[in-house]
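There are two complexes below, and they share chain A, which is joined by chain B in the first and by chain C in the second.
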Partner chain A sequence: MSKYLSNWWNEIDKFNFLIIITIVTIGIILSISINTEFSFFNKHILYASLAIVIMILISSLNEKIIRRLSLLGLIFFIIMLISILFLDYEIKGSKRWLKFFGLSIQPSEFIKPFFLILSAWFLSKGIQGKKIYLNILFLFFFLVAGLIILQPDFGMTFLFAASFFCQLFIAGLSISLVIIFFAILIILSITCYFIFDHVQKRINAFFDPTTADTYQIDLSLQAFKSGGLLGKGPAHGIIKDKIPDANTDFIFAVAGEELGFIFCSLIILLIIILIARFLLQLLKFKEPYIIIAIVGLISSYGLQSLINIFSALGVIPTKGMTLPFISYGGSSMISSAILFGFLLSLTKQKK
Partner chain B sequence: MVKKFHFFDIDALKNFHKRIFFSIIVFILVYSIAFYRIFDLMLLDNQINTLYYNEKIVERGNIYDRNGYLLSSTIKSHSLSVNPNKVRDKQKLSSQLSNIISRPQIEILKLLNKKNKFVWLKKNISPREHQKIIELGEVVLDTEHSYKDQRKRIYPYKNVASHVIGYTNTEGIGLSGIERGFNRNLAEGIDIHLSIDINLQQAIRHELIKVLNKYSADSASSIVLDITNGEIIALNSLPDFDPNNRKSFSKINTFNRAISGNFEMGSVFKPITIAMGYDKGIIKQDMIFDVSKSIKGIEDFEPYNGSYNVKEIIVNSSNIGTAKIASLIGKKNQKEFFARIGFNDKINYEIKESALPLGNQNNWGELETMTIGFGHGFAVTPLHLISAYAALSNNGKKIIPTFVKGKIHSESSKIVNDETSKFFVKLLRSVVLETKFTGPRVNVKGYEIGGKTGTAELLDQNGRYKKDANLTLFVAVFPVSQPRYAVMATIENPKKIKESNYSITAATVVAPLIKDIIKRMIEILGISAIKSQEILKADTSLKYKKFQNASF
Partner chain C sequence: MFNLHERKQSKVFNRRTFFLLSVKLGIFSVIGWRFFDLQILNSKKYKTLSKKNQINVAIIYPVRGEIRDRNNIVIASNKKVYDLYIIPEQTNNLENTLNNLNDYIEISFKQKRKIINLSEKVKKFESIKIIEDLNWKDLEVIETNKIHLDGLHLEEDFQRIYPGNNAFSHILGYISQPDKKEVNLPYISKMPKLDIGKTGLEKYLNEDLIGIAGKKEIEVNSYGRVIREISLDPSQKGKNLQITIDSRLQKFTFDELQSHKAGSIVVLDINSGEILSMVSTPSFNPNLIIKKPNVEYWKSLLGNPLSPLTFRSVQGLYSPGSTFKMIVALAALKHKLVNPKTTTFCNGKIEYGDRLYHCWKTKGHGKMNLENAIKESCDVYFYELSKKIGINKMATVAYELGLGQAYDIGLENEKKGIIPSKKWKKENLNENWYAGETLNAAIGQGYSLSNPLQLAVMIARFASNGKKITPTLFKRNDEVIFGQIEYLSQFSNIIKDALFKAVNEQKGTAYKSKSNDYFFSGKTGTSQVKKITQAERESEEFRKKTIEWKNKDHALFVGYAPSKNPKYAISVIIEHGGSGASTAAPIVKRTFDYIMKLKI
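Entry: the complex of A and B
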């Protein structure tokens, strides 16, 4: 066992691993801070510990097993996404959750890492000229994206599509297609705005705060403002009592209010370092599959964190997305663990 | 794909380095926006300040009730200072001041004997002290010298309507209630005239406290709504707080259960279910339902071995009967109706603490359709519930509840037709006329009260059922011949007491409370009783007339 662990430790990218652990720790600090009772044991810590174990386990697997695992995972979660549509757990107008033995699971959170691994594999075959792989890949992409958009969960669909796009981009998508892609994106967003009532409401509220309910974002900005350089101190913030989703969508605002500017900067800095390091490591690799997989996974992480932080800061309309490893929530925590398990496994140094 | 057109650049992977660097730069650039934003917000915060509050330019507006009583205002707090060198009769002045500012004469005398040109006698004196000092007519006393630039937001009615009015922080930025919802207007110096009647508000609060204490209940709420225009005349939530006293701002005290609390409402959902079925033509008045056997484990509180017609289902509050009706209506219609009546949306943007209904948290299957039909498994806020009742009583016209007096709403949509609305209020009236316990406890002669009781299990913060803790409530509409007011009250977790034979049903706990509230409304709002003659004239339908006659 100890030999197994030391082997794992030798192969793994230690710096990245430590940054991830630091981010998880920040999440734990915030989870303690957010509790008014100041209890040191909470569900978040339980999920976080479980996440670290899962991440270590997955990162010790080899690349072939990861691919098989991804295939199983993808099929399993596609079935879950389909069954969600037939069952009727509707929360705030969307069907995103399934209940298993009292646990709520959000399949759209889990499906990303599995899909991104397989799409990397299929893309790497595709660019070698085997067109059939590309056809299958796009079929699955539209299937999954369609299932998520039906929930409806536009934020997650966007994230999923954007991560996939990053993979295409690195795989060498021709520039003309990149431009066409962005054109389609703009047209799609405009269509969504006119077709879907709640999208329209949110966008309108963003551009003209007087027309609607800007309660959350007002409070969020207020929280950052009152935090100042060093924050009000753990458990002294008020935003978490006022916003129902404070520990998920607005966790960054809680960090701002209770722990201050320096701490928030630290979070952003760690995220940037993590992204940059994983991307820079790619320069050492030659195998297209590994490169494309890593790009997909790290983009998914980078974009999701960005959307969460931007929402809390009022830069974009609120999207209902978690901050990986920091927000409360089992689905988000475990899916982030799987994602980074894959990343750490793929960047292992063979000795 | 056209020939020679390539999906991927050939050999792109060989120089993918460029694209990697490009990606890194894009990520860093975009994340720098986040950096810039937190730097701007957290370290250079003046921008936000001016957005919310510009006290330097104008004095914050006042808040008044519907009759012009002042509910919230900003005062410049005065401080008392003096130049001791100019005081002639120190003995006399110190004794006079000692009475006014309640400070020992010796202490004041000591200060007056100082050789300074300026001493503080008391900082932040009250308006009353200020008045008395002016009346003293002593020119050496100075109250215009302000200690710092202190402005204070004051709330003369203290706890009364605290949840509606809200409070500000020390900088005068509204943090809750109307102070928050209308912060922009108030900061620009605009006064807000509320639809609240502060005298009624106070009287209802008093009634609620009496019941709360009697049954050692956890909390209570009450809403009085003018059905014809959506104005909220009174809205109480207990426990409450004193906006003048920051120490009372605990999480429990500041929680406005009437608009932020989600509750499963129990039997008060039954008339709503009947109305949706009736409106769709699925339910007819003369339909009969067998309620002798339990269905899918659903049972009645007081089992009856036989059948009920629709009215009897409501009067006897039959779960089995309502479940069967809900099942006929079906999930699709039920969902669609809830959406139409506003159970999927926030309904009041004036007070930003307004909550979205939790709705149904489980898989919405056949059984849920049934239980939701009688108010279990679907949570809404009290304001949502009373708005639904108001709309169903108001010829089906949707109500947009407001806290602002005389607010003009655009033409509202119809939720049900006139016929359904008539049937709905008729059902409510039947409950009051035909029940043995509930009716007599709530009826006020000459005011044609209709209503429905509800009892449900309370939910904890995570939406799970609490053990042995019930919500009891009552929703009333009156006068039924021309509905004008909707009234509701909730009492959370009443305890069994000997005085009421250990009964904690809504009929025991809340029905008499509703009666007291209505009596107060009659007094304070000056509502006159309806003479039976007038109703007879107004009625045209024979069937309806027969029913009306029965009420006198």
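Entry: the complex of A and C
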């Protein structure tokens, strides 16, 4: 066992692993300061420790097993996504969660890492000339994206599609197709705006804060402003009591208020280093599969963090997206663990 | 689609990786800038704050606009009230203070426990409301005994008040807390606890009446205690609005209805279409709905079988009865199927198909021409006439005279009613029209249903020689131009002469209610509620018998005054009132008397 662990420790990228652990720790600190009720903070720590164990386990697997695991995971969560549509369980106007032994699971969070691994595999086959792989891949992409949009969860659909797009981009998608892709994206978002009420409401609120309920954003910005350079100190913030979803969507506002500018900058710096390091490591690799997989996974992480922080800052409309490893929420925590487990496994130094 | 050359591929990988990397770094630097802006540059504004304090934004709720009648008399306004609060930390002992208070104002044990329990849950410097809307006596007692009551203070608040009580309740509606859906309305966002209009014009005019919220920035410490006020942006009161109702007339007509269980009166200004009065009974008192606790009052309203919440003037549907006969006459004149001189003999009934159709006058009216048939309301004459016209032509005229449509005057659930026709029956009942049903329709029975507002519009259109008057609750410019029903201007004198004689000549159905000081015209109506059986009809005593209230006929009257140059149109409906002539016509006379006295 100890040999196994030391073997694993020698192979993985230690620096990246330590950064991840630091981010998880920051999440735990925030979860303690956000709520003094013991049960809450207990659960977050439970999820965090579970996440670390899962991440270590997955990162010790080899790439073949990872592909098989991804195939199983993809099929399992597609079935869950389908069944969710038929179960009557709504939170805030959309069906995203599945009740499972008293836990609510959000399958759309889990499906991302599995899909991105498989799509990397299929794409790498595709660019070697096997067109059939590409066709199957697109079929699956539209199936999954369609299922998520039916919930409806536009933030997640966007994140999913954007990560996939980064993979296509790195695989060498021709520039004209890139432009067409963006055109379709713009048309789709305009259509969503006119068809779906809750999308329209959020976007209107963003552009014209005076006419709409921008309560959350107002408070969030208030939190950042009152935090200043050093913040008010953990557990001394007040605004977290007033912002709904402070522990998930607006976790960054809590950090801004209680820990201040320097600490927020530190979190962002950690995220940037993580992304940059994984992307720079690509230069070592030659196999298209590994490159595409890493780009997809790290893009998914980076975009999700961006969306969360941007909406807390009022730069983009609120999306209901978590900040990986920092926001409260089991689904988000475990799926981030799987995602980084994959990344650590793929970047292992082979001996 | 993809570049397949292997050497190029690895170049592409490298180039594009750098591209992605720089895009992401770029975006994150935007975040960094935004942070710097918010947390360093912006927070300078608040530098005077001690580090642990922060700014809270408190919403200042606006005062709701008033509603006035056509003479600027206030019919919905706001009363300043005082609520009594206690701040636990400012008392030596919360329970002692409450006990002291009990010496002056009665506070039940249960209430006391509730306050003490609450004080343990909230922060100790927060105000707890003890009593809402203190009366003057209690207010005085508390002011004079302030020294013994530590920690108590009064706060001003506004409460909606409706001086007209039950008389205006259906038109105005009432206000209450918004439900989940209403909280999202754009004009009440940020004011989740604002009372908003729930029914009637209070609801319709919410956007104008609500006003604009103000806000106050206060500095609070990390426990939420208020340190000081930083800025104040006062709220703006909602608009004051005027409606066309004359409150004197409204109260008068409402009182007229009080001797009856259920009914409605509508009075229109014929020149402008403005509604001068519109009342419905039974009614409710909006002041009692607003005042908490109101559970008992709600129970009594919902438990009342006559449903006081229903606004009969626009939501109540009745067979128009004989008031429909002018429509039949007009349809016949329009299609040249009748000559004012032609006569029909009424012997009290006619046979059609295999059924007998009776006139209300069992012995018959004898020889009748069009004018007398309206004046004396002869059923047989109109049975015969309707056979020549057919149901569809009658329906067209009825619609043009204003029946069968909603006017969207701002009140919810305005009923359209039914103008039966062959097409209507096919679409709604999926049955063919029977010829005999035309005869029933000719005297406003059968499927026909109208609301009292529509009947007032109908008689106003007759009175104005065919102006397509539409009703409104909001002031119109003096010279409002309505469309014209061309054929009615041609024949209106014939029908108006008959309506004049119905009131002012012997044998006219409303002759007993005629006025000696001025002339008014109109038509009575009595609409059957219970089918009369053959056996009942044959017994001579039938009409004199006292019938159970709910089986009595509805009493109707539609009319206008003065007969020359008409200015006011009226429709009266008394549910189960007996006959139009005996019950509705006298109310019309008294109302017109009152209007003439007022000179509106």
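In the analysis below, the second predicted complex is superposed on the first by the 345 of 351 C-alpha atoms of A that agree within 3 Å, B and C clash if a C-alpha of one lies under 4 Å from a C-alpha of the other, contacts with A are read in each partner's own complex, and residues count from 1 in each chain.
We adopt the following convention: a residue touches a chain if its C-beta (ideal position, glycine included) is under 8 Å from a C-beta of that chain, and two chains touch if they have at least 3 such contacts.
For clarity, every value in this text was computed on a predicted model and none was experimentally measured.
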{"item": "Combined model on chain A: chain C and chain B, fit or clash", "value": "clash"}
{"item": "Touched partner set for A:L306, first chain B, second chain C, both or neither", "value": "both"}
{"item": "Partner chain in contact with A:V144 - chain B first, chain C second, else both or neither", "value": "neither"}
{"item": "First (chain B), second (chain C), both or neither touched by A:F169", "value": "both"}
{"item": "Which of chain B and chain C A:L87 touches, first, second, both or neither", "value": "first"}
{"item": "A:G260 touches, of chain B and chain C: first, second, both or neither?", "value": "both"}
{"item": "Which superposed partner A:K232 touches (first chain B, second chain C, both, neither)", "value": "second"}
{"item": "Clash-bearing segment of chain B relative to chain C, given 206-214, 296-304, 332-340 or 368-376", "value": "206-214"}
{"item": "Overlapping contact positions on chain A, where the chain C interface meets the chain B interface", "value": "126-127, 134, 166, 169-174, 177, 212-213, 215, 218, 221-222, 224-225, 227-229, 256, 260-261, 264-265, 268, 271-272, 275-276, 279-280, 282-283, 288, 291, 295, 299, 302, 306, 309-310, 313, 315"}
{"item": "Residue ranges of chain A touching chain B (in the complex, touch as defined)", "value": "36, 87-93, 99, 126-127, 134, 166, 169-175, 177, 210, 212-213, 215, 218, 221-222, 224-225, 227-229, 241-242, 244, 256, 260-261, 264-265, 268, 271-272, 275-276, 279-280, 282-283, 288, 291, 295, 299, 302, 306, 309-310, 313, 315"}
{"item": "Contacting residues of chain B [partner chain A, same complex]", "value": "6-13, 16-17, 19-20, 23-24, 27-28, 30-31, 33-35, 37-39, 41-43, 45, 48-49, 184, 251, 331, 344, 346, 349, 352-353, 355-356, 359-365"}
{"item": "Residue ranges of chain C touching chain A (in the complex, touch as defined)", "value": "1-4, 9-10, 12-14, 16-17, 20-21, 24-25, 27-28, 30-32, 34-36, 38-40, 42-43, 45-46, 49, 51-52, 54-57, 184, 186, 189-190, 220, 222, 224"}
{"item": "Chain A to chain C touching residues, read off their complex", "value": "126-129, 134, 166, 169-174, 177, 201, 211-213, 215, 218, 221-222, 224-230, 232-233, 236-239, 256-257, 260-261, 264-265, 268, 271-272, 275-276, 279-280, 282-283, 286, 288, 291, 295, 299, 302, 306, 309-310, 313, 315"}
